[in-house]
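Read through the structure below, which is laid out as structure tokens, and then see the notes.
Chain IDs A, B, C, D, E and F follow the sequence of writing; residue 1 opens each chain.
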Amino acid sequence: MKKLIKGLREFKSSYFSANEELFEQLSHGQKPRVLFITCSDSRIDPNLITQAGLGELFVIRNAGNIIPPFGATNGGEGATIEYAVQALDIQQIIICGHSHCGAMKGLMKLDSLRVEMPLVHDWLKYAEATRRLVKDNYSNYEGEELLEIIIAENVLTQIENLRTYPVIHSKLHQKQLSIYAWIYQIETGEVLTYDSQKHAYVLLQNQLPTSEIDETLFNPPLGKTEQ
Amino acid sequence: MKKLIKGLREFKSSYFSANEELFEQLSHGQKPRVLFITCSDSRIDPNLITQAGLGELFVIRNAGNIIPPFGATNGGEGATIEYAVQALDIQQIIICGHSHCGAMKGLMKLDSLRVEMPLVHDWLKYAEATRRLVKDNYSNYEGEELLEIIIAENVLTQIENLRTYPVIHSKLHQKQLSIYAWIYQIETGEVLTYDSQKHAYVLLQNQLPTSEIDETLFNPPLGKTEQ
Amino acid sequence: MKKLIKGLREFKSSYFSANEELFEQLSHGQKPRVLFITCSDSRIDPNLITQAGLGELFVIRNAGNIIPPFGATNGGEGATIEYAVQALDIQQIIICGHSHCGAMKGLMKLDSLRVEMPLVHDWLKYAEATRRLVKDNYSNYEGEELLEIIIAENVLTQIENLRTYPVIHSKLHQKQLSIYAWIYQIETGEVLTYDSQKHAYVLLQNQLPTSEIDETLFNPPLGKTEQ
Amino acid sequence: MKKLIKGLREFKSSYFSANEELFEQLSHGQKPRVLFITCSDSRIDPNLITQAGLGELFVIRNAGNIIPPFGATNGGEGATIEYAVQALDIQQIIICGHSHCGAMKGLMKLDSLRVEMPLVHDWLKYAEATRRLVKDNYSNYEGEELLEIIIAENVLTQIENLRTYPVIHSKLHQKQLSIYAWIYQIETGEVLTYDSQKHAYVLLQNQLPTSEIDETLFNPPLGKTEQ
Amino acid sequence: MKKLIKGLREFKSSYFSANEELFEQLSHGQKPRVLFITCSDSRIDPNLITQAGLGELFVIRNAGNIIPPFGATNGGEGATIEYAVQALDIQQIIICGHSHCGAMKGLMKLDSLRVEMPLVHDWLKYAEATRRLVKDNYSNYEGEELLEIIIAENVLTQIENLRTYPVIHSKLHQKQLSIYAWIYQIETGEVLTYDSQKHAYVLLQNQLPTSEIDETLFNPPLGKTEQ
Amino acid sequence: MKKLIKGLREFKSSYFSANEELFEQLSHGQKPRVLFITCSDSRIDPNLITQAGLGELFVIRNAGNIIPPFGATNGGEGATIEYAVQALDIQQIIICGHSHCGAMKGLMKLDSLRVEMPLVHDWLKYAEATRRLVKDNYSNYEGEELLEIIIAENVLTQIENLRTYPVIHSKLHQKQLSIYAWIYQIETGEVLTYDSQKHAYVLLQNQLPTSEIDETLFNPPLGKTEQ
């Protein structure tokens, strides 16, 4: 805790002092461009890995970057999504899973959680579509390899869930919303993104020379291509 | 989106490259010391304001930094808390509200949300204790001043809610858990913390010379003093 | 009621007597090929309009042919879908809306239902994505024309919801499940189906000479083309 | 699927063409006399077995012809009942179970469903009163015989549940609603009905010469005799 | 509070001292004969009005003596009923309403409660069948007279709800359970009971000379006569 | 049942006759000073043990004197608390556990209840914080001794839960509400109360000579000392 207090002081004396104008401006309102949904895992710092500035990422974080279907829970996920899309008019949503995710490991040993961590057990119900898909289709995988598949499939599951929210459903129809599936790999510092045409995850940041990076890389984003 | 991709490349080539050993180490597991619960607001970057490193903060973010009482929702908040305390053995929890919070503004005009943003409306039920307290006790305030009171009281409300979780209840009894109420002020870059002996929020980072900052500043934290 | 009893007698003496072998066979088990989800409306008789025989259609009927997202309700819809796909291995699902649907009319005057028919009001929450989409995108329509759009869009909404069920999600991944959007038009006795390539409903039964009707007509079905 | 399309064409060219006036009339509204609640089982065709015409039966179908008590679920059953009684002024309700019901078989091996078909497992909670009654009172039965008892008792359980709905409760008080318990026997094509005076199911359609069939057969119907 | 402490002392020195053997015996277990369900109203003392001794009445008390249908809530009512019937083998249940009931007054002005007392408002959903019945059938009553009807009908509504619990359903089938509807009239100190044959409430305690009071007075109790 | 009828007659002829004025007065309204929350156990008679008169105690009784956190259930507990504090302006709440509590025994063998008494099992979720605390901190206790600890801790757990209700939260802030933890000991006829300064339960009624009993004995009550 001492460390955090020193950090607060350091932040104030260095970063804040050097950017007072920005903070003055931010105090009048936020206008983020992206809703960034990721895991609570301490190894993920959304602003660091995207080098996004303050005010750019509206962030939801919970164990497993899970978004239950519309109406399925009365927790904060749905309300925060609604606020992001309706009140802030955000038009880009990234669901970002990550390698070595503890929640996804939990999905592999669900029964043992029932007694030990009952709330986690119940929460993973909203990744049940992931568990089922992997159990039915990847029964020949195990260990690290299986975990990677679970992590990758779960982001797609959560995007399906996200699509059931009324504000999302309507914005997708208007083609005013794009949804991206990301996987952040802790050990390489890289991000994979789901390419809905190749039906596969592809490496995002090293794929093209900087000059050529443009929206086509993502096209079609998941939200827009379907239906 | 192009900006984020460039950011990812920059992150990889600079920060990641300079800290490869850290990432290698992080890929083997996380051992965060603090559960940091804050709003989804894009103007908050927990790692930036506390200068905490990767792997130090386990983070929950939703609209309004709200933690419903145990059993009240089946969203991600309870599961993530359980995971933090049970699986990761975290012993310090910070609930961090912030100035100019849009969710807390919503609490001031709750009825208008029913139609416009029904999920946000319903979610604010878990800040109803805040709304009620402020309505009953601060009827002579309005505008910015009222909003500040709501923001400050809401963090305390959410700590009450947090105390109803079995893992929290047990750890508090063992004095193995401390809970802190913070308010981050965007315009000053400073953090207020609730001093349970003074029954008031006090400025955290500027209060003492660096050399004197120690745990006593927070003592007794909210979690330990009560009951 | 007298009429129904006479009907039962007539059924027994005519249809049953003429098909005793079929009933004997059916008494040993069912093996339906299609899950047919439609409205409770008395003007729809699934077996009549498709001329399907006994044992061919597994049927869910409720007001508005609504399928809430996975986890959103604890009513019969989810269980019946699970039973159809898991226990009966059904691989084709039709969601069939219909012209002049009373439930969809209710969606146009939702507020008035809150007091008058509170259960219907609450049930229509699972068509909220339809209502929202139409409100945002078809504000220049009204009356019969608007109702037609609502009916058509609602079938697509319910297909989105259907996709969140674990068994559905997994079977779609395996390409072992096809989902079709139908609209039955009472006044013409015809059925429209959603063509996911044309992004439009097309007339199903009169489109091709009988000889040419084959699976390509529906290809790609909604369930298989997406993601 | 080809078969269904051919069926649609055949329906249009034969039945529809021969009854255009009826369809024209139906397109202006429905006025069904009976709410028919039955299982999703593909071997049941309500219109066929009762020889009821289009527009005569308002139909709810789910696995097990289950109607959860008022307030117990937020699925379609309650809303559809409310719509039938309140909006359509239906005054006769038939709950129709059937022989060889798969859902009722599930009730006999409930534990095995927990993992295999969790939604079906949870749904059968609303037949728990049936399971309990049979377990306490018919412990000496097994196999087919036990299944028949379960099927028969379950229809009575669901009528108890039905009676808790406000619209039902009020209409029963006014003696403007009759509720009938039916069991359709696939192998004989016959229907049993519960005779509340004999406290037993009796064969419905063969009991009397046609000329004598009248309402007294059913009197007192379940809804009216009780309380 | 002083008064209560003095009361505790007085109880210990007088009643307890005079009945030490009873308390010794009670400390080894309870074997109540009756489950007594009544309102939280401070003017009702179940043991006083029935002159029942310690250990004779197992008591549920909440605002309005309401028992939601099985599965409709996860509050204490269902669990306590289950415990009474299953663990304690209680075979007699009394639901006892009372004159001047504040909760039932609330049912007459339900809308005004939505904002003022939202939890009470929501709780009265389980008396909605009462409200509906009275609204549909007693529209020509008002004030005190209307309140009396509501109170009387509500006890019958709650008995309908009670009948949906599995343990109740099974015990009624076995004729091992009797359910009684009572109304306690504060101003006369008398109790009315529902006579299911007369379809009316009748005065309970003054009806017969003491010598003739026997079980037939209540026969058939509500639980046993129906179905 | 005969016994109860005789009791009613006796009550009317003796107690009621001797206190007609009181009943006349009570019929015009209640003004209780205390909300008394206790177990349904037949061995507890709140009015007897406190010698409180009619009209003095507003009473909630359920299995285990459990108060789920705000929002966690839709049963009667929350509504009744709201009514007590909001409508009746009660400013003192006693949660009174008791020795030999069957519900608390259930907490010691929770798993065995899942099948046998599922509603009781689920209800004890709201005493899970008690179970967890005791499991983590008193693993060296068993039998009667363990049960006593569970009973004592559970009252404190329920007070934590109580504090999450908006009306409670607001009144505590205004210091207009006191909450007391009591344990009634059947075998001694005595009551223990939690002394929040000593962090221990102390004997309530014998502690001081009558003349010295005053409010300071309870000060600070649990509700007022915290936060």
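In this section, contacts are C-beta pairs under 8 Å (C-beta built on N, C-alpha and C of every residue); 3 or more make two chains touch, one makes a residue touch a chain.
Computed from a prediction, not measured in an experiment: that's the story for all the values here.
Visitor: Would you kindly count the fewest steps from chain B to chain C, each step being a jump to a chain that touches the current one?
Guide: 2
Visitor: What chains touch chain D and also chain F?
Guide: Chains that touch both chain D and chain F, as defined above, are E.
Visitor: Name whichever of A-B, D-E or A-C reuses the E-F interface, so over half of the contact pairs are the same residue numbers.
Guide: The chain pair with the recurring interface is A-B.
Visitor: Looking at CA centres, what chain is most distant from chain A?
Guide: With centres defined by C-alpha atoms, farthest from chain A sits E.
Visitor: Can you name the chain that lies farthest from chain B, using the mean of each chain's Cα atoms as its centre?
Guide: Chain D.
Visitor: Distance between chain C and chain D based on Cα centroids, please, to the nearest Å.
Guide: Taking the average C-alpha coordinate of chain C and of chain D, the gap between them is 19 Å.
Visitor: For chain B and chain F, what's the span in angstrom between their mean Cα positions?
Guide: Once rounded, the distance between the two centres reads 34 Å.
Visitor: Check each residue of chain C and list the ones that touch at least two other chains.
Guide: 68, 72-73
Visitor: What sequence of chains forms the ring when you start at chain C and head for chain D?
Guide: Result for the ring walk from chain C toward chain D: C, D, E, F, B, A.
Visitor: Mind listing the chain A positions that touch chain B in their complex?
Guide: Residues 1-12, 15-16, 23-24, 26-27, 29-30, 32, 34, 40-43, 45, 47-52, 54-64, 66, 68, 72-84, 86-87, 92, 94, 99-100, 102-103, 116-120, 122-124, 178, 180, 186-191, 204-206, 210, 213-215, 217-218.
Visitor: Touching chain D in the complex: which residues of chain E?
Guide: Of all residues in chain E, those touching chain D are 68-73, 125-126, 128-129, 131-133, 135-137, 156-157, 160-161, 163-167, 169-170, 173-174, 196, 199, 222, 226-227.
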